[in-house]
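Can you read through this structure? Questions will come right after.
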Amino acid sequence: MQEGRVLPAEQVNRDLLRSILETPKWFWPVVGILGLIVLIAAILIGYMINRGLGITGLNRPIFWGFFITNFVFWIGISHAGVMLSAILRLAKAEWRRPATRAAEVLTIFSLMTAMIMPIIHTGRPWRILYWAFPYDFARGIWPNVRTPLIWDPSAILTYLTSSTLFVLIALVPDFAVLRDRTTGISHRIYGLLAMGWEGNARQWKLQIIAGVLLSALILPVFVSVHSIVSWDFGMAVAAKSWHSTIFAPYFVVGAVHSGVSAVAFVLILLRWMYGWQDYIRHEHIDGLGRLLVVVATGWFYFFVMEVIFGIYGREADEIAVRSLQFIQEPFQAWTIIFIVTTYFIPVALWLTRRARRNLWIMSLACISVNIGMWLERYLIIVPGLANRTAFTFSWNSYVPSVYEAIIVGATFAFVSMLLLLFSRVFPLIPLYDIKEGDILKNESVKIGRRVVPAVFRED
Amino acid sequence: MSSHSESHYPHDMWVFPDAQSTTQDVANKTASTPKILKLGLVIAGVLAVLGVVGFVLRMATDGFSDYGAWGYYAAIFSYIFIITSSAPLVAVAFRLTKSHWRRPISRISELFALVGVVNVILYIPLIYLLPSINNPNFTPGMHGELQIRKTIWMEVPVGAPHWWDFLGIISLAVLSLVILWVSVVPDLAETRSTTNGWRKKLYTLLAGHWYGTKKQWIHQKISLALLGALYFMMVVFVHFLIVSDFAMSLIPGWKDSILPPLYTVTGFQSALSIILIIAFTMRKWGGYEKYFGTSVFWSASKIQIGLTLLWTYHLFAFFITLWYGRMELEQNILRYLMFESYSWIFWLNVIFIFLIPFWILVWNPVRKTAWGPALAGIFILVGNLLFQIRIFVGAFNAGDIYHLGLFKVPPPVFPDVWDIFMVLGGIGLVAFIYLIGTRILPALSVWEVKEGAMYQKMGTLYRGEYLVLAKPE
Amino acid sequence: MAKRPILGLFKDANQAADAGDALKSSGVSDRDIDFLTDAPYPEGAFGEREEKHRLYLFPFIGATLGLSAAILLTSMTQLAYPLVTGGKPILALPAMAVVSYEGTMLGAILFTCLGVIFESRLPKLKSGLYDTRITEGYIGVLASVEDGDLDQTTGILNQAGAVDVKTEG
Amino acid sequence: MVSNRIDHKWGMVVDIDKCTGCQACVIACQAENNIPLNTKDTFLQKRVNEWIRIERYWEGEYPNVKARYIPVLCQHCDNAPCEPVCPMYATYHNDQGLNVQVYNRCVGTRYCINNCPYQVRFFNYWHPGWPERLENQLNPDVTVRTRGITEKCTFCVQRLRRAELKVERQSGARLNDEALEKGNYAPACVHACPTSALTFGDQHDGGAKIRNYFDDVNAHDIHHEHERETRGYRLMEEVNTRPNVIYLKKIDQHPLGKGDGHV
């Protein structure tokens, strides 16, 4: 799958650094609008902290609502990054090259956004330090290691640290390129970041090994993160339908599903914004599409397992949750939308090569997947809590307040803003990776009349 | 290879078999039966006979009325079933991903289709053993007794689960045979004229229609892909049926949605292991060394280590959920399957299927050898057997299956001599049939190896010499 | 006599490789020749020397440290603050396992990153002989030779087709 | 201080047969524990805060209906699902069998509330407020909980502490049923109950009224099918939370048959 022509290094630099060295007209207006939305949300959050969670739609027994749903969703998105870059690096898939960094950066930013959610949804956010960080001030308080809410920060912070380092290490050679292209203060900053990289054989060798090694190390972390997030629910015995052993892999696969779709969408967007047709080519989106068919089907398998074994126990209240999800108003409508948008529409599209190579269809499919996956989390959390237990005292439903809706919506603006700003200072497509691809590409195997493009492999 | 590469890689990392000689060479190897193989056949045959003896005596002593005595039989059935049904996936999966390294081993994995018939035979007694879903002696108002025991067949369709599972196993066997046939046809067609005797007849019968026209090749590729995808889904589904009907639903109150995935992962793991072991033997003693580069083992062992980690991950996900919930039956199931009754088997299972293989495969130099992955494979196969014993013997002796839950921890059940006979016999039977199979059909997928030879070569870039890989669309 | 760096810039990788060979045959030792590129050429593409490194040690060290740190932290905090919760043991091993796992991975990754920087001899404080054209696809052949041999080396590089030869940055 | 402390395991027995659903216990609890007023708004917002509440069920079809009442309060489980999930140790099990809530540590993740099968934990969505004229009725022994934290029934631990000081530290006598009764040390709901459907006591005290109920229920687990001598049972025994609150079955003199019934 190596199409596209080999480009001279100068042009690669020129094209891929365009986002940094020159500012397109639309850039600041767009960032401004996004920033405004984020600002509004920030003000609302401040108001919420000031007045208390009463302004949300939360009640008894739905104590976790939009915020936690959004938290799980963004954690899910964050799984794209490492999933793609690590697995494709290890598999030495040629078409990974332009996708990796965008994916990793998306990971970092969506993780940051995700971490905001549980913090602002606590009753006393200003005391959050007590929660996450193990320390012993005068009162001899330590966090309780037995709770998933401590596993969460440990996993998420590990993941955030490692993926940030992952990106930074891979950025060093590109910093060097920027150092050589810029002048003045930015020259000095990039020079500092490049740490005096000159690109000799040893540095390159270690750079390559680091890519593979770190991928192999981060993969287990990435699996653990969403598993632990799933255990926030899996460990709870009281909310029926949460206490299921399959939650960990089910969540992880779902996360990969939504995340990879998100990355595909972001790539299409970048291609369109910065005119990177030569780098983000149809073959890359196509590859993502094929991958997504497999991931989606795997996810569907876990989904079916989860539902079947929900009914398997034939326990009255678990059946009740299922009927709440699948049969009763209002959730059943959402469930139908969720299943169709998550699996049937996109997979049906991805199965045909023509659809995979049509950017419009691809982006629609990816968006639909993410709508579905957001609903999935919502439909796991809220019906599980809204389930009518033996106690009539807590028979209620949940309608999010406008504040929640706006804050949740603003998180999307937040991530896009961060991505745009990042693309302003760092190359979103790894230059050296593209150049390496071009170097390894200049060989082909001739079979009869047909010339099959080939790559050099060091192993 | 360039000076530096040799220091990096063993000289037999990549082999580029000569397309001309391959066909004839493989045909000769198939026709001849070396001494070591004869020996293997004899041993396997003896074991198989032992197995039959064990089975008959078990039947004589216990009959089919009490299924508890048949725990080890169920275990060995599941062991054989999970390996043989998963084995063809190695060929299928990596054909779909267009991995070149799979080419030499894909036939090894497809040949397991021939063993599929063993699954069908071994399953038949289980039809009579598996207790019915409806509680036979149920009287209304009985405390803590279920009228219909917990099972994935909610509404209990006719003949479920016994006959439906049987159907699943049969369809798997047939489907894998079809895949084998579609894939083996070009090789047979090449040699149908040069061989003689019954092979000639058989080959002509199977591959008479094949002339290797462009059309035929395209059809073959497409049908392999479609059949493969279908087979993949079928396997996962039937695994789910078997493990939930013969293990989960037999332990009262055990509700564990992760068991089917865990079971399937175990299957993939051991399938890859046995294929690598066979590849190693063929390479070492079968004279196939010029077809297997160690790159095969290298790439496969990367997958293997991933599967190993995956297995542990699934196990932990199961454990932590049950450990955290304090329900009595959850705690009892943990005690029963993990920490009290079957604790020793459990720990050995973990060591063999995870710890040892992981620490063997984590070293890149070991992964680059042929013996490393094969050795890890042996451990994984043993671990898998222990896993099956733990789950299935446990399930077959968990007490009143129509009860609400497991509220006291049953004791473990140790094998008697007949059980051991049956376990060994099952393995022997499989080995016997497989070895016979390698005499009938070529154990190396000639057309795939030839195709691979076209797309791989050593090429020079400036001063270095590297592998050149071409991936046709 | 002190050694002086000399940098030849080449447009074409083959010429750069030739230059490397020529330098070697002229008696410049393997250790004194380096190839500066803007992309990872496959190892040995210029017939350059074999680079030895111990990067693979770092993750193991890091993992061990991380694991022990995490185990200490989890066990000590639970013992230092022995409150019964939900009838669970004070030293809840499964819970510790999760956090310890994260600790292990964190340690391994941190040390790997340190290892990469350390092993690739970064940060390079005093920048050596360098040319910005290298990041435009030119290939720099960096050699350090005796003072006296500078002119001869320059000649070799030019002969091999150097676009430009620099002796001080 | 802790050294010469007599160890107790507090428990409560709720006799459903005696409960008339008069809600006196609810009011007493509100007054004793400074629980914010449940105004019409809080009801509409579905954020009612009742540490003890009366669950009411209708039996039969109108007009032949009977009302059934069950007072539900924190069960102070020995295997409390709410405890291990708190990242802050804000709730834990103390050595007197109480499931205690430390307001100061709570950050309000609400995980414990989700994980409580009995729905007896409450979250302060708003800052608690009382009309000016009610400010003076607040109980000085009980903290007024700020917003954003979880709270729940404490078995009126403030009374128990006072009892320990008054009885055990000063007169050195063991804190038994009479002492609790005489000194008005039992939880407010117990004292308020007009039909004395609620009984409070120390499970470690051999002479306690509640003792034989606990012995009986502890001896007979739900899963082993022998009869219990008393009417005692625990709520949701299948969850295996092992509560320290025991309920006594209702004995219905006039079971609701077809046709008949009190309209």
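Per-chain numbering from 1; labels A, B, C and D assigned in written order.
Criterion: contacts are C-beta pairs under 8 Å (C-beta built on N, C-alpha and C of every residue); 3 or more make two chains touch, one makes a residue touch a chain.
In this text, all values refer to a predicted model and were calculated from it rather than measured experimentally.
Student: Centre to centre, using CA atoms, which chain is the farthest one from subunit A?
Tutor: Farthest by centroid: D.
Student: Tell me which of B-C and A-C has more C-beta pairs in contact.
Tutor: A-C
Student: On a C-alpha centroid basis, what's the spacing between subunit B and subunit C, in Å?
Tutor: Computed value for the inter-centroid distance: 43 Å.
Student: Need the CA-centroid distance for the pair subunit A / subunit C, whole Å please.
Tutor: One centre to the other, that is 30 Å.
Student: Starting from the mean Cα coordinates of subunit B and subunit D, work out the distance between those two points in Å.
Tutor: The answer is 57 Å.
Student: Taking the mean of the C-alpha atoms as each chain's centre, how many Å separate subunit A from subunit B?
Tutor: 35
Student: Can you list the residues of subunit C that touch 2 or more other chains?
Tutor: Only 41-43, 46, 56, 81, 83, 85-88, 92, 98 qualify.
Student: Going through subunit B residue by residue, note those that touch at least 2 other chains and give them in order.
Tutor: If we look for residues of subunit B contacting two or more partner chains, we find 8, 320, 324, 326-327, 461, 466.
Student: For subunit D, which residues are shared contacts with two or more other chains?
Tutor: 79, 81, 84-86, 89, 239
Student: Is the chain-to-chain touch network here best called a line, a ring, a star, complete, or other?
Tutor: Topology of the interface graph: complete, with all chain pairs in contact.
Student: Inside the complex, what are the residues of subunit D that reach subunit A?
Tutor: So the residues of subunit D touching subunit A come out as 45-48, 50, 53, 55-57, 72, 81, 84-89, 105-111, 113-119, 122-127, 146-150, 236, 239.
Student: Can you tell me which positions in subunit A touch subunit D when the two form their complex?
Tutor: The contact residues of subunit A facing subunit D are 52-54, 58-61, 63-64, 118, 122-125, 127-128, 130-132, 141-144, 146-150, 232, 235-239, 385, 389-394, 396.
Student: Would you mind writing out the residues of subunit A in touch with subunit B in their complex?
Tutor: For subunit A paired with subunit B, touching residues are 1-2, 90, 220, 223, 227, 231, 234-235, 237, 243-249, 297, 301-302, 305-306, 308-314, 439-440, 443-445, 447, 452-459.
Student: Quick check on the complex: what are the subunit D residues that touch subunit C?
Tutor: The touching residues are 78-86, 89, 91-93, 242.
Student: Please name which positions on subunit D make contact with subunit B in the complex.
Tutor: Touch residues, subunit D against subunit B: 79, 81, 84, 223-225, 238-241.
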